[in-house]
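Here the chain labels run A, B and C in written order, and each chain numbers its own residues starting at 1.
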Amino acid sequence: MRASGRFFALAGTALVLVALAAAASLASRDAGATAKGGTLRLVAYSTPRDAYGKLIPAFQETTAGRGTSFEQSYGASGEQARAVVAGLKADVVALSLEPDVTTLVKAGLVSRNWRNDRFHGIVTRSVVVFAVRNGNPKKIKTWNDLIKPGVEIVTPNVQTSGGAKWNVMAAYGAQRKAGRTHAQAVAYLNKLYDNIVSQDKSAREALQTFLAGRGDVLLAYENEAIFAQKKDQPVYYLIPKSTILIENPVAVISNSSNKTTAQAFVRFLRTKKAQRIFAQNGYRPVLKGVTREFKFPVRPLHFSIAWLGGWAKVDKRFFDPRDGIVTKIQRRKGG
Amino acid sequence: MAPVCLVFWRAFEHGVGPAWDAVTTPSARHAFQVTLLIAAVAVPANTVFGVICALAIVRRRFPGKGIVNALVDLPLALSPVVVGLAFLLLYGRQGWFGTWLDKHDIEIVFALPGMILVTIFVSLPFVVREVVPVLREIGTEQEQAAATLGASPFQTLRRVTFPAIRWAVGYGVVLTTARALGEFGAVSVVSGHIVGKTETMTLHVEERVQSFDYVGAYAASVVLALLAIATLLAMSMFKPKEGV
Amino acid sequence: MAARAEPLPRLSGGSPGASIAQGLATAYLSLIVILPLAAIVWNASSDGRSNLWNAVSEPQAVAALKLTLGVSAAVCAINAVMGTAIAWILVRDRFPGQRAVNAIIDLPFALPTIVAGLTLLALYGPQGPVGVNVAFTRTAVLLALLFVTLPFVIRTVQPVLLELDRDMEEAAASLGAHPLAIFRRIVFPNLLPAILSGVALAFARAIGEFGAVVLISGNLPFKTEVASVYIFGRIESGDPSSAAAVSVLLLAVSFGVLLVIGAVRRWTTRHDDS
């Protein structure tokens, strides 16, 4: 019985001490972080984290960015957009696809005219590629190779990963580029879904699944594949002749308390210096001059989402959770 | 058990050095502090109220007791993302208390208080569930005897009830701690992932995995595992010497 | 003696301390549990009843719910048997390394789910050393859920076993009772509340699990997609109210199951309450 009294006393004391120590060290760090030039809060999707790790110091060296401190937040694109709507404080958002910015526009947090600049609100580009096994044993080269019997495809789930929508639209658009009708392209998607063996929650998880040995081909993004190669992962990829040009948007939050700096930062992201850093991290630059320096392979039949009608239309037509084309394909598989 | 061993093996695959470096980076250290702080608030809160709840459920009769009893487990059944969503619905900008909180400049979600609240939510059932069966098992004879001998309610609680449920509380604390350390989904939604501010150890691990830094991820997991083991060891240090 | 007339002496004795304690417990429970749950229910019904029904009768949702409930039931059954056995071994047997085993039982729990998922995939996936590739099947879902619910039954049964009086067992043994009969007649009835308690936890956890399952299950809609991931998908595609609706249905079902478990426990241990 004495043991139990001592137990509770000791355990209590230990916990209080731990809490105090942790709180104290947190408080001291926060106090040290306040800088003179104001704080810029960047909310971004997770992939460009490494790039921003280099971009931010570079911005702080410019006149506009001197003395600015940064608070960074990285997570899944859709989750980040929802967090900002729910009250996560932000000055600049960098997301993986346009509909996530549209969420913020609808909530009144981003100006309706956010695309009215020379870059249409876009800061980086990439393309959808096929990641294959070493030596490409299944000889996968074209979109038509994907629907051959016995080919196993890994791609993230379009419902949980906004980015996965790029893959489906790349497949659909490649068919249209080849002169097929809408109905034929949808029939192609049906066959494609027959061969999909894993639909992970996010693009990165799909890559993990593929690396663990599942599937013959992974529908991935060029920048992701380059990133994985940089981290010594055995990733081999090829770019199909016809593929979609991925565009990642960036926007300034309209009620930002530090709007001038925020705008300066977004402007900085489109300078040659910043675009080079993006390119070194696997992204295709939006500045022609920088693109030439890096020799990203160009394919004859690139198309953008605008060619397919733009995200607003595509999102509704293909991915509506009740009667979108892809939703129906999935339902047919289950029924 | 094999998965656990694999985690340890993966962490130290390349020797202790890289693993040590990985867990002593500033962001890892900070994440570690955040996790400790959250656990240090959530675990005692759930322990105290868990014991009280268990006592109420077993020893008292009141209308709706069965419902309360089932209610206690529900936080576990809710998908963590929905837990996060619920807290956003309550404390987010457009939430029930959002405007009021905004006016008074109180941050709950995307700050520590929110993360502590969801952690308490998801780790609530354990102490209750541990203590209830033991309380049932020991019955009330000893307590009644103590009362007959003139012990005050508080004395009875301290001298008779607590020693008997000590093991159960102990295991409950261990489970609560483990859960508080390991929670990902719900915390992820309300944390806002602010680097160096609201990143917990699990969020840090997730981020490391995403960057293919497996050594960092596994090493940080080992730290979490060691914390759980440390809690268990701390509990068993208070083994009853007289043998109840 | 007042205490004898009143079967539940201390905390029900109407002492102010006990009432305050109960009040606090109720307040805590409502603030932490009921308020968020209310927010979810309110959100689910905000679109009207027909939408709520549409959301949960969506074929993909039905498939995910069926899978989740079925696998959770299986997980509970396996846990009830294996968990009790492991707890028994840990408390009653002595073997080298026992403390170590006892220490690592909670680990599945403290591991971040992504790590749990990765290790499970590494072990039981296409390149696993075990040689059983169950990844991307329903067995994988079962395996992942077993892994994350392992501690519950063990940890609820353990303290009861530790408190259990061995005199009765010894008495029965000395009277020549068969060990199996002793277990069935004496030990089991005493353990049952704890087992059920652990099963309830495991069931709830299995239903809500997220993360660990996804990597190894492949998350194929209609085949290996569990409810919590389906719900996440709804939120992610900008349809939070149907996410809430499916959650509420899942909650209602778990609530029902938990009530039934509670009732079974009361029924089997009537003597305790009387």
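We adopt the following convention: contacts are C-beta pairs under 8 Å (C-beta built on N, C-alpha and C of every residue); 3 or more make two chains touch, one makes a residue touch a chain.
Values in this document were obtained by computation on a predicted structure and should not be read as measured data.
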| item | value |
| --- | --- |
| Touch-based graph of the chains, sorted into line, ring, star, complete or other | complete |
| Between A-C and A-B, the pair joined by more C-beta contacts | A-B |
| Of all other chains, the one whose Cα centre sits farthest from chain A | C |
| Interchain centroid distance [CA atoms averaged], chain B/chain C, Å | 16 |
| Centroid spacing, where centroids are CA-atom means, of chain A and chain B in whole angstrom | 32 |
| Distance between the centres, which are taken as Cα means, of chain C and chain A, whole angstrom | 35 |
| Sites on chain B at which at least two other chains make contact | 95, 209 |
| Two or more partner chains touched - positions in chain C | 118, 122, 232, 235 |
| Per-residue multi-chain contacts in chain A, two or more chains | 79, 82, 208 |
| Touching residues (chain side chain C, partner chain B) in the complex | 1, 3-4, 7-13, 15, 17-18, 21-22, 24-25, 28-29, 32-37, 39-40, 42-43, 99, 101-104, 106-116, 118-120, 122-123, 130, 147, 151-152, 155-156, 158-160, 162-164, 190, 193-194, 197-198, 200-201, 203-205, 207-208, 210-211, 227-228, 231-232, 235, 240, 243-244, 247, 250-251, 254-255, 258-259, 262-263, 266, 269, 272 |
| Of all residues in chain C, those that touch chain A in their complex | 54, 58-60, 63, 118, 121-122, 125-127, 135-136, 214-215, 218-223, 225, 229, 232-239, 242 |
| Chain B partner contacts - residues on chain A that touch it in the complex | 1, 3-8, 11-12, 14-16, 18-19, 22-23, 25-26, 29-30, 33, 43, 46, 49-50, 71-75, 79-80, 82-83, 85-89, 204, 208, 228, 231-233 |
| Chain C partner contacts - residues on chain A that touch it in the complex | 76, 78-79, 82, 103, 157-162, 196-201, 205, 208-209, 212-214, 319, 321-322, 330-331, 333-335 |
| Contact set on chain B toward chain C in their complex | 1-4, 6-7, 10, 49, 52-53, 55-56, 59-62, 66-83, 85-87, 89-90, 95-96, 117, 120-121, 124-126, 129-130, 132-134, 136-140, 143-144, 147-148, 153-154, 156-157, 161, 164-165, 167-168, 170-172, 174-175, 177-179, 181-182, 184-185, 201-202, 205-206, 209, 217-218, 221, 224-225, 227-229, 232-233, 236, 244 |
